[in-house]
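One chain, chain A, links the two complexes that follow: it is found with chain B in the first and with chain C in the second.
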Partner chain A sequence: MTLSNRSSSSRSRRDTRLVAAVATAALGSSAIFVLIVGFLLKESWPALSTIGPARFLFDPAWRPTEGLFGLAPMLSASLAASVGAVILATPLGVASAIFCRHYAPPPIGWIHRWSMALLSGVPSVVIGLWGLTAIVPLIGRFEPPGASLLAGILILTVMITPTIALMSGAALDSLPDAYGRGAVALGLSREATLAHVLLPAARGGVAAGILLAAARALGETMAIVMVSGNVVQAPLSLFDPVRMLTANIALEMAYATGSHRASLFVSGLMLTALVIALAAAAWRLSGDHCHG
Partner chain B sequence: MSVSWFRGKDRCALASIGRICAVYIAFFSSSLGHAADNRLVLTGSSTVAPLAAEIGKRFEEQNPSIRVDVQSGGSSRGVADARSGLADLGMASRAPNADETDLQFFTIARDGVGIIVNTNNSVRSLTDEQIVAIYTGKIADWSKAGGAAGRITVVNKAEGRSTLELFLHYFKLKGGDVKAHVIIGENQQAIKTVAGNPGAIGYVSIGSAEYEAGHGAHIRLLPMSGVAASVENVRSGSFPLSRPLNLVSKGAPGAVARRFIDFARSRSVHDIVESQFFVPVAP
Partner chain C sequence: MIAYIADTDATAGSGRAAYTLGPLAAGPTCCEPRPQISVENLTLAYDGRAALKEVSLDIFRGCVTALIGPSGCGKTSFLSSLNRLSDLIPGCEVEGRILFDGQNIHDQLTNVRALRRRVGMIFQRPNPFPLSIRRNLEMPLKEHGVQRRADLDAAVWRSLVDVGLWEEVRDRLDAPALALSGGQQQRLCIARAIALQPDVLLMDEPCSALDPVSSTIVEDLIASLRGGYTIVIATHNLAQARRVANYAGFFWVKDRAGVLIEFDHCQRIFDSPRHELTAAYVSGRRG
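Coming up: the complex of A and B.
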C-alpha cells in the first residue's frame, strides 16, 4: 500500500500513457472493421441504388453481363453447406471434447487435443487440395461429377470440427471443480454427471463455439472453390454441384467491371451481415463480454 | 516491486506499438514504391505468369539492381492493370481485342488449348460438332460419342478466363450455352478434376496438360480436326486451337520494361519457354 502511495503520481501518469496507447491500438483495429464495412457499402452502392436490393434476391439467374443478378441460389448454397457442416461437426466436436477431458488416458487425450489444435491451423488451400484429389473422386465414383454440395459439407466439417472441439473443451475446463465433485457426492454416474450437470453448465461456451464455426464455414472460400463444383444453381440434392457466395467472389472478382463488380460487392455485404449476426449471437451466448 | 514491474510493462507496450508502426510504414512505403525505376511489376494471365516469373528470375540475375514482381490474376486483370498503370506490364494470353488500340502487345510465346479426358476413357478423338454437343448438354453419355457407357462430366472455366474466351470463340458458343457440371478457375484445378473423374472432359493449356500427362496425371489430350494436340503442332501453327502469349503496355514501354520485353523475346530465354511447353516466337 505504502509503495503504491509513494509513487502514485508517477504511476498515474504512466497509467494515462498506457491507456492512451492501448486505446489507440484498440480503436485502430476496430476502425479497420468499420472501414471495411464502409468500403463494402461504398463499392456496392452503385448496384444497390440502380439495380435495387430486391432483384438480388428475386432475379431468376446469375448472369451479370446480361443484366440478371439473382444471388438467391448462391445464398441458399452457402447456407445449406454451412448448416450441413455444423450438423456433422457439432456431435464430432463435442464428443471429442468430452473424450479428451473425461474418458481418454492422459497421453492419448493430450495427443488428441494437440492434433485438434493443429488441424484448426491447416491452411484451407491444403484441405481443399486434399478434397479435390481424395473426396471428390470418391463421391464421383458413386454419383458423378463428385464436386458437389456433399463434398463442400465434408470439407467444411473437417475445417470447423476443431473450432467446436476446442471451444467446448475450454468451456468444460472452465467449470468449477465443485460441480463434478458435487455430482459424485450425490452418487451420479460419470455419464449422468456429463449429461445432466457438466454439459448443461457449459452450454453457453459450446453454443458460442458452434456459432463461430458456422461463421467460419460461411466465410470459407479457397477449399470450397476447389471441391463444390461452382455451378450456379439452387442445391436440390447433396450431389448437385453448387456455387457459394464466397466462391462467386473469388472466381469472378478478378474479371468483373461496372455493375458486375458492384454486384459482387453486394454478395460480400450479404456475407458480412450474416457473419456479424452469427458473431453477435456467439458473443451474447458466451457471456464473456470482453475476449479481445 | 510492483512499480518497477509496471514501468517495465508500460515501456514494453509502447515499444511494441512502435515496432508495429514501423512495420506498417515499411509495408506501405514498399507498396507505394513500385513505380520506382528498379522495380518491374507484371500482373495478369495465370498462363503467362509462371513463364514471366522464370524469365524475370534470369533477368534479375543479369540486372542485379532490378526486381521483377509477377502476380497472376487473369488476362483481363493484366490488360486493366497495364491500362491503369498499376502494373508496368500486363500479361495476356490472347490476341488484342478491337477496342484495345491504346495498348501495345508484344508476343513472347504461343500456347495451344487442348481438350482433355481421363486416361480410362476409351474415346480417342471427338469432332468439333461432338464437342459442341457435349458442352451444350445435347450429348450427356459417352456411349453417344463413341465411348463406353458413362455419364459425361463437363468441366468449364469460370467467366472471364481467357482459355474460356478462346474456347467459346473457336466453337462459336455463348457463355450461357454451356451446360457445365463443374466450373473451375486455374488450369491445374481442371487437370486434377479430370484426372480424378473417369467421365470428365475439360480444356486447358496444352503446355500444362502435356507436362502433367508426362508426369503421371491421368489425363489424355484429344486431337482437333485430325491434328494431334502437341507442343510441336502449336509451334508449327497447324493446331487450330492456339493463342499468343503477350506482354501488354500502355503506349511505349519504359526503359526497364523495354529491356525486359526484348529479353523475353530473345533466344536467351528459349530454354525457359520450351521447358514450360510453350513455343518461342523469335527466329
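Coming up: the complex of A and C.
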C-alpha cells in the first residue's frame, strides 16, 4: 500500500516536472516569437510614426536618403516572384508526390522521395551559386542581362517544390487505405481514384504545403540576391532585374541609419505579417482534415 | 454442388448425403438454383503462406450466402478474391478458378474494372469518400460512362430510396457524406454500390462497426435486397447470418490455413450441421 502510494506520488512528481519542462519550452519559443515581433515594431516605430504607413506603399521611389520611402516596387517584386514560383512548383510538387506513390516502381519512387527530402535541405546559398552559374547565363543568352525576375522565379521553384511534394505526400500517406480500396472496389481507374477521391481527400494538406511553400518563397533571401539583379524597379517583364523586399534588407542594413534603417525594419515587419498570414492559413487548412 | 462437407475428421449426425436444392424453408422464390459464382479449388496465399486452401463452393443467384467462422479463417480474403481486390495486395497469390456467370475472372480477357462494377463490395467500416453525398453516388457512375444529368439524378434518387436514405438526406444531398451517422454512412456505401447496378454485393461484416439500432436497420436493408442481388456476407454475428441468409458456409482454420468445413442451406447449417466442428461453432461451444 505505502509502496504503491510512494511510487505513484513519485511518478506524479516526475509528471509534474515533465509538464513544467515542456510548458517552459513551449512558452519560451512563443515568447521568442513575441519578442521578435515586438522588437521589429519597436525598431520600425520611428518610421511608422513620422513617415506614416501610407508613404511606404505610395511614395514614387525608394530613395531613403532623399526622403522617398516607396517599398511598392520591392513588395511587388517579392509577390511576383513568389506567386510565379508557386504557380510552377505546385504542379511539379503534387505530380512528384503522386508519381512516387502511385506510378514509379518502388526503388525509383524511394530514390525520388529521398532526393526531394535532400533537395529541401540544400543551403539556399548553394542553390544561388547554381542559379548564378547555370540559370542566369542561360536566360542572358536570350534576354540580357539574365539576372532577372525569371531567374528568381526559377530558383525559388527549385527551392519550394520539395516543400509542396513532401507536404502533399504526407497528406496522401495519411489518408486511410479505405478510400483507395473503396474506389478500386467500385471499378474506378487509378487516375479516377487519384483525381476524384485521393487528391480531394488530401486537399487540406496539399493547400497547406502550397501556403508554407509560398511563405518560404517570400522569405527567401540569399539565393534571390544572387540571381535577380537587385535593381529597384517594379517588375514589368519577366526579364527585368528586380530587387525583393528581403534582398533590400540584406543589401542595405549594413550602412543604413536613422529613418532609412527604421524603414528597413518596416519592410521586415511587412514580410513577417505576410508570412504569419500564410502560415496561419496553412495551419487552419492542415487542421481541417476531412477524413476521420 | 450445393451441399459440401469437408472430407476430413468425424462428421456429426448421419452420413453425408449429397444435397439437392429443395424448397427453401425461409427464403424468397426468386432464389434461383443457378450458380452466379462458382469457386473451384481456390487457394489464396499471402507471401507464400496459405490463408485459404482449396475452397470450392457455388454462390447462387439472388440468394444471400453467409460466410461464418472464427477470426482469421479467411472470410475477408475469400470475399476480396471474388472481385479481385486481392490484386491490390502485394504478395497475394490466388490459385484455382472463380467463374462469374461462367467466365473465369482471372482470364486475360476479363476487364477487371467491369468485373468490379458488377461485383460491388461493402466494407466493415463505412467508407464514404470525403465528398458530398451526391458526389459519392455520382462520381463512380460518371466514371462508368453515365453522363446525362437526368440519368444521374434518377440513379441517385433510386439508390437512396432503395437503401431507405432518401427521406433522411433529400434536403442535404450536397452536405458532406462524413457528416452522416455511421449507420447512414454504411447505407450510403450500399447505395453507392447498387447505383452501379451490380449483380453481386460482397459484404464484409457490414454491421459490426455500427451501433445496435443502425445494425438492425442495415440488416433489414440486406434482407430487403435479397432476390434483387446475389449477396455474399461475412459475419461474426450468427443470429444475423441465420436471419438473412439462404446459404451458409462455415470456415475454420486448419494447419494455419482457412478451409471450408461445410456449405449448405442456412437452416441446415444451424439446425442440423453434419460436421462436428460446425455443430460446435454454431452452438457457441467453439470459436
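Simple rule for what comes next: the second predicted complex is superposed on the first by the 280 of 292 C-alpha atoms of A that agree within 3 Å, B and C clash if a C-alpha of one lies under 4 Å from a C-alpha of the other, contacts with A are read in each partner's own complex, and residues count from 1 in each chain.
We take it that a residue touches a chain if its C-beta (ideal position, glycine included) is under 8 Å from a C-beta of that chain, and two chains touch if they have at least 3 such contacts.
Every value quoted in this text rests on a predicted model; they were computed, and no experiment measured them.
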Applying the touch criterion given at the start, work out whether A:S115 contacts chain B, chain C, both or neither, answering first, second, both or neither.
neither
Tell me which partner touches more residues of chain A in the superposed arrangement, chain B or chain C.
B
Examine A:T16 and indicate which partner it touches, taking first as chain B and second as chain C; both and neither are also allowed.
neither
First (chain B), second (chain C), both or neither: which does A:L188 touch?
second
Chain C-contacting residues of chain A that also contact chain B
none
In the complex, chain C residues that touch chain A:
83, 85, 88, 112-117, 120-121, 123, 125, 127, 129-131, 139-140, 143-144, 176, 178, 189, 192-193, 196
Per the touch rule above, chain B residues touching chain A in the complex are 1-3, 6-7, 9-10, 13-14, 17, 20, 73-74, 76-77, 80, 150-151, 153, 155, 158-161, 175-176, 180-185, 189, 192-193, 196-197, 199-200
Show which residues of chain A lie in contact with chain B when the two form their complex.
3-4, 7, 11, 14, 17-18, 21-22, 24-25, 63, 65-66, 129, 132-133, 136-137, 140, 144-147, 225-226, 229-231, 241, 243, 250-252, 254-257
What residues of chain A sit close enough to touch chain C in their complex?
176, 178-189, 192, 196-197, 200-201, 290-292
